[in-house]
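Order of writing sets the chain letters: A, B and C. Residues in each chain are counted from 1.
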C-alpha cells in the first residue's frame, strides 16, 4: 500500500491544480469596497454603485460588514477602499499609514428606539447621553450590538461620556448586525441605539418607535478612505481614487440626498 | 523430492503480525503442476503462507527465486501476482451477475468481446453454472459461490492456484462437487496449493506439507 | 401568525415569477458547491481507501482526527482560510479572498472530513477480502479501487449527497471568505443571513424553500435508485 500514499500525493496535486485553475480569474480591475451594513441595507449603495461602475466600466465588489471588520479588511489590504462611520478609528487607519486620507462623504443620524410604553421616559429628550442615563437608572432593558461596529463604537462612546459602565441583566450584548439587533430589541421590548436608516427600513415590521431623534450628539459621519498602496502594492488605487472623487461629485451628492426610505431622507451630504 | 521443474523458491521468509511471528520458513520450493496440501491447525500460518505466495502480503524478510534468479521481494511480488490467484475461505463475490464475476479478471487482459464471451460460457459449463449466468452472485448458496470463485480463478489459467479452506462450511453435496472441480484443476498442468485442517488425502495431493506455529514440519 | 403565512405566499410568488436576483443567487450556490464537491471527491475517496486498506503508522490516529474534524464549525474554517488568504496572510499573493475560488476552497475543506469519514465507513462494510479478490484477479490498484467503489456505490452516493448538503447550506465560511458580494459570491445561505438582517423575511423563506426542495429531491433520487436495486434482489 506504499503506492497508495504516492497516489494520494499525486491526487492532492491534481486537486490543487484544479482549484488554482478555477480560481485564477481573481479578476483585476475590480474595485473592492468594504462598507457597513447600514449603507448596504438601506439600499443606498445599490443606487450609487451602478452609476459609477457603468460609466467607467469598473466593476465594484461591495463587502458589507461591521465598521470594525471593514477597517480590518483595509488594514490587511483585502479591499481597496472603505466607506464607514467611526471617525476616530478611521483616523487611526490614516495615521498608521494604511489609509491615505479620510474624506467626509455624508452623515445620517443615530436615534434611540424603544418600547411603545417608554418605561424610562426618554421621549422628547434632545441628548443621547441624558437618555442613556435615564435608561440605565430605570432598569429597562437595553440591547447593544456588541460587535465593534460603528454603531457599537458610538454607543460605547456615549456610555463613557456619561460615565456609566453598563452591565447587568438589563444590558444585552447580542453581537449581531443592526437589523437582527433591532428585531431582538423588538422581541425583548428593549431600548436600542440605531442608525435611522436601518430603523426606517424595518419600521413596519417592528413595534419599536423612535423616542429620541435630532439629538445634539446623534450625528453619524461617514468617511471614505483609500488603502495605501505603499503598504499593499496590489491595491487598485486608480479605481479607488476615481471612486472617492466621484462620490464627492454633484452627481453622487444628488443620489445621496435623493435616496429616501419610507418617504424620509436618510443621508445628508457634507458640504 | 520431486522431478517436476521448479517454479518458485522462497527462502528465509518471516512474517510478523502485531509483533507476533506468524510465519518462519527456511525454504519452500513450489514445483510446476503439483497438487500440495498445506496442512495444519487453525492459526498455524496457512493463510499467511498462501497470501504471501499470492503476492497479497509482503513478508518482513526473505528472498524469492524465479527462473533461477534470486530477486528482491518487490520484483518477486509482481511475479507472484501475475502467476497466482488466491481464493478466500469465504469467497468474495462482486455485487453483479455470475457471468460478470467470472469474466472479471479476464477483462484486464486483451480479449475481444466475442472471445471473452465464449471463454466465460465454456468455463460456466465446466462448473455447471450455466443456468445461473444472469443471477446476482450474492444470491447464491455457499457451494455455488465457491464454484463461481473457482471458475473465476480457473478462467485466468494461473500457474499457481491458492485455495484457502475451500470446502469448509459446505454441505456434503457441494463438497463432492467442489472436490471434483479441484482435482480437475490440479490435473490441468498448474500448481495447486490447498490449505486445510481436514484430512489431506481428500484432495489426493502429490505432496503434503505440515505447518505448525508458522514453521514447516518435515 | 399572519406574518409567516404572508411571507411564505410572497416567497412563492418571488420564486415562480422567476425573480432574477433570487435565481442568480441559487445558481451561484449550486455552481460553487458543485465544483467544491467535484474537486474534493477524488481526494476524499483516495484518502478513505488509504485509511481503510492502508498499512502505515498513525492510521488509527488519522481516522480519529478525521472523525473529529467532521464537527468543525464552518466559521472556524472561514476564519483560518481568511487569515491564510488575506493579503497580509501567507497566500495573499493568490488574490483569492472575496472570490468564488475562496468559497470553493473553504467548502472543499469543510466537505473533506465528512466525505472521508462516510466513505471510510462504507469501505469498512466491505470485507478486506473484496480488495484482495480484485487484486489477485489481476486488477491494478486503480481498477481495484473502482471495483470496490462499485461495490459500495450507495454508500458513496450517500456520502456525496451528504457532503453537498453540508457545503450548500453552510454560511459561516462563505460569508467570511466570499464577502457576500452581489452577483459574485452571494449564495443562498449568505443571502438568507442578509435578508433576515434586513427584515426581508419573504426573500429568506423563498431561498430557504429552494434549499429544502433541493435536499428533498436529492434524497428522493438516492432512495429511488437504492429501492430499485433492493427490489432486484
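Observations, loosely collected:
Keep in mind that, in the parts below, a contact is a pair of C-beta atoms (placed from the backbone, for glycine too) under 8 Å apart; a residue touches a chain by one contact, two chains touch by 3 or more.
Keep in mind it's a predicted model, so treat the numbers as computed, not measured.
Centroid distances built from C-alpha atoms place B farthest away from chain A.
Ranked by how close its mean Cα position lies to the mean of all protein Cα atoms, the top chain is C.
Put simply, the C-alpha centre of chain A and that of chain C have 31 angstrom between them.
Measuring from the averaged C-alpha position of chain B to that of chain C gives a distance of 43 Å.
Averaged C-alpha coordinates put the centre of chain A at 73 Å from the centre of chain B. Considering their complex, residues 51, 54-56, 81-82, 84-86, 88, 90-92, 94-96, 104-105, 108-109, 136, 138-139, 152-153, 156 of chain B touch chain C. The touching residues of chain C, counted against chain B in their complex, run 127, 129-130, 132-140, 143, 147, 150-151, 232-233.
Of all the residues in chain C, the ones that touch chain A in their complex are 3, 35, 39-40, 42-43, 46-47, 49-50, 53-56, 86-89, 92, 94-102, 104-105, 108, 141-142, 179-182, 184, 194, 196-199.
The residues of chain A lying in touch with chain C in their complex are 1, 3-5, 7-8, 11-12, 14-15, 18-20, 22-27, 32, 37, 41, 61-65, 75-79, 176-180, 182-183, 201-202, 205-206, 232, 234.
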